[in-house]
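The structure appears below as structure tokens.
All chains are identified by letter, namely A, B and C, in their written order; residue positions are counted from 1 within each chain.
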Amino acid sequence: MITLASDFGTPYPAAMKGVLLRRTDARLVDVGHDFPRHDVRTAAFWLRETLPYFPPATHLVVVDPGVGTDRAAIAIRARDHTLVGPDNGVLLPAARRLAGDGALEISVVDEEALEPVVPAGETAPDPGEGPKSNTFHGRDVFAPTAAAVHESDGLDSLSLLTPTTDPVDLELPTAALEDGRAVGEVLVVDDFGNAITNVPGEFLKARERVVANGEPVPVGDTFEAVPAGERLATVGSHGYVELDVNRGRGEAAFDLAVGDRVVLESAD
Amino acid sequence: MITLASDFGTPYPAAMKGVLLRRTDARLVDVGHDFPRHDVRTAAFWLRETLPYFPPATHLVVVDPGVGTDRAAIAIRARDHTLVGPDNGVLLPAARRLAGDGALEISVVDEEALEPVVPAGETAPDPGEGPKSNTFHGRDVFAPTAAAVHESDGLDSLSLLTPTTDPVDLELPTAALEDGRAVGEVLVVDDFGNAITNVPGEFLKARERVVANGEPVPVGDTFEAVPAGERLATVGSHGYVELDVNRGRGEAAFDLAVGDRVVLESAD
Amino acid sequence: MITLASDFGTPYPAAMKGVLLRRTDARLVDVGHDFPRHDVRTAAFWLRETLPYFPPATHLVVVDPGVGTDRAAIAIRARDHTLVGPDNGVLLPAARRLAGDGALEISVVDEEALEPVVPAGETAPDPGEGPKSNTFHGRDVFAPTAAAVHESDGLDSLSLLTPTTDPVDLELPTAALEDGRAVGEVLVVDDFGNAITNVPGEFLKARERVVANGEPVPVGDTFEAVPAGERLATVGSHGYVELDVNRGRGEAAFDLAVGDRVVLESAD
């Protein structure tokens, strides 16, 4: 199984699928292709929250504002999952969660060693004269790598991979908790408009209301704990405090965007 | 085969697929994940119009504004199709159509009897201490139920299901027809902007024009019966009268939204 | 394998998939369903740039503003690929590229010879009394044709196909090149906002800057060749000159839309 995630919209993911399906019979599953453009951190969050629900798989990720520069392509083994994508940190939060207390094996891809991508109706280029684009490594580098990884007997067996110990890292920010007060930020806004913070859900435990950025808000176990259109704080499906509106958009009602500071305080 | 429909956008459907694919090898097919948020009636319409074209399948549906409340999860057997979703009526119009003149078998899901969803890198909870969220039953309840239903030898064999006779029902409204006049409403607006009413297409039979909410409109067999940009009434692919614009958006030209009253009269 | 491309949005593609899956076990792969509405030329471009990356397949394409008129349904054999869609030119640019220097075999579909589409819960119509809609041939004509083609031993064996030699053609416009000057146009704007012209990428070779519609613009090998938010000309993944903004939208910065004239001149 190969999952695909990108900020590509349509139809670039289809070209990646075509390349994959020439090289593997794997099942393909889309994680999503409308992640915010060029936004490595948001993609890293969603991958960390989504990939652990999959069975062992190869995960192909292309959110890659540095395409065509000398940033490397990497593959990461995390227990029985493998992630393939650009060396910009986007894979790391998911890889660490997938590995649990296990170690990560991280390799750099030798792009020159990949079998070239040759569209139908054209002939293969001479070695070293590949048609690799500078703007679409999803098709020309990452999909071929994911296919090679998926079809291999393990990363060790692939000569195109070289172990590395210093990938570009990315840590999602954590909230500070003290004296019944949490200082965090909005990690992402989901498609429902829920403002998902990095404050652990435990903060809401046994509270009936909190003060969020100065304003009192009821705490609800479910969206329907408040009338339609009303604001609430709740523990979302990722285990974090979310600032939401029942059947509405929390980001608008709370006037919050990704990265905005969120201070939660006791209302008692 | 398992179909998936929701109002989730991206990437929540992927978490559902991951849960499914840990438990079944079934083919997964998306019906759509951008149904209007929290809009049970519109989803019910589209499911009724789409699911009957599929071969026998398990249909997983999550349009669920009541998530986390005491609304039940249900499964419905309709001939050789099975539908799984929240007990809010969203499944019923499709189930009745799938059943034809057959009966429906409706069951309530015992959520505590589901095998817990455990993400990679974590350990399974103690019984009764499951990590079920209050906001993402698509992942934690409905996907596990759909997998169990799909892998079973029939609903009777599943101890997690208990027959019920009083599900929440939902009937899509029907138009009133009398004396060459039809009084109905806009059921949905599709992605093309076509305003699909609940007036049966037969109303247009043998007419060259009708009066729609007071204004005369040509009747066309096809969009191209009128010049690009012009309005027409036609019989859509669901068998209902649609108020459309050739290569344009009928909803805007007719100033109609979902639920708006539509009166069609003879223009002769 | 069957690929699907349309301007249908949601959920009409699902009805096509249902029809297909009743008739074939083929793998289904979406090329995309949010192509610009009724825009045959843009779809033709994307198909030409995307389908050649796939292994041999049946490609089902429905961008069909003439649905329900007497425009024919056609099938085209291009080497080991087959394309199915409306006879409006949308298939031709892709078919020619897939065929390389091979010939195209083009056939018209006898729609009356197709096995009727009968939704679950209904009975098959009498011969000649099929329920074919005038507005959804994707479901009622093209999907049944694609399934029949995919399941056949070759187009010759299908009695529902009749060879034709005069399909509606469509040629994507080419740029004029002379004396270090290129006069072309914007072929499409992609989801990133890149304005993709029809000027071959060679035009940028060995240049550090060009004059685009009168304004000097740096030439970059990659988006990152200029700071975030800055404009550049680059060779896109389709081999054409693109007018882009690093991490931004070129169409807005250059004030360009599809079909707009683009004049590139030497800046030296």
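Assume contacts are C-beta pairs under 8 Å (C-beta built on N, C-alpha and C of every residue); 3 or more make two chains touch, one makes a residue touch a chain.
Small disclaimer: the values here were computed from a predicted structure and weren't measured.
Novice: Spell out the chains that contact subunit B while also contacting subunit C.
Specialist: Shared contacts of subunit B and subunit C: A.
Novice: Suppose you list every residue number at the subunit A-subunit B interface; are over half of them used by both chains (same) or under half (different)?
Specialist: Subunit A vs subunit B: different; shared/all numbers falls short of half.
Novice: Nearest 5 degrees, what's the C-alpha rotation angle taking subunit A to subunit C?
Specialist: That pair's rotation angle lands at 120 degrees.
Novice: Roughly how far is subunit A from subunit B, centre to centre by C-alpha average, rounded to an integer in Å?
Specialist: Using C-alpha averages as centres, the distance is 30 Å.
Novice: Multi-chain contacts only, two chains or more: what residues does subunit A have there?
Specialist: none
Novice: Enumerate the contact residues on subunit B facing subunit C in the complex.
Specialist: 1, 3, 5, 27, 29-35, 46, 49-55, 79, 81, 97-100, 190-192, 221-224, 234-237, 242, 247
Novice: Give the list of subunit B residues in touch with subunit A in this complex.
Specialist: Residues of subunit B touching subunit A: 8-12, 14-15, 17-19, 21-22, 28, 37-38, 65-69, 117, 119-122, 133-136, 139-140.
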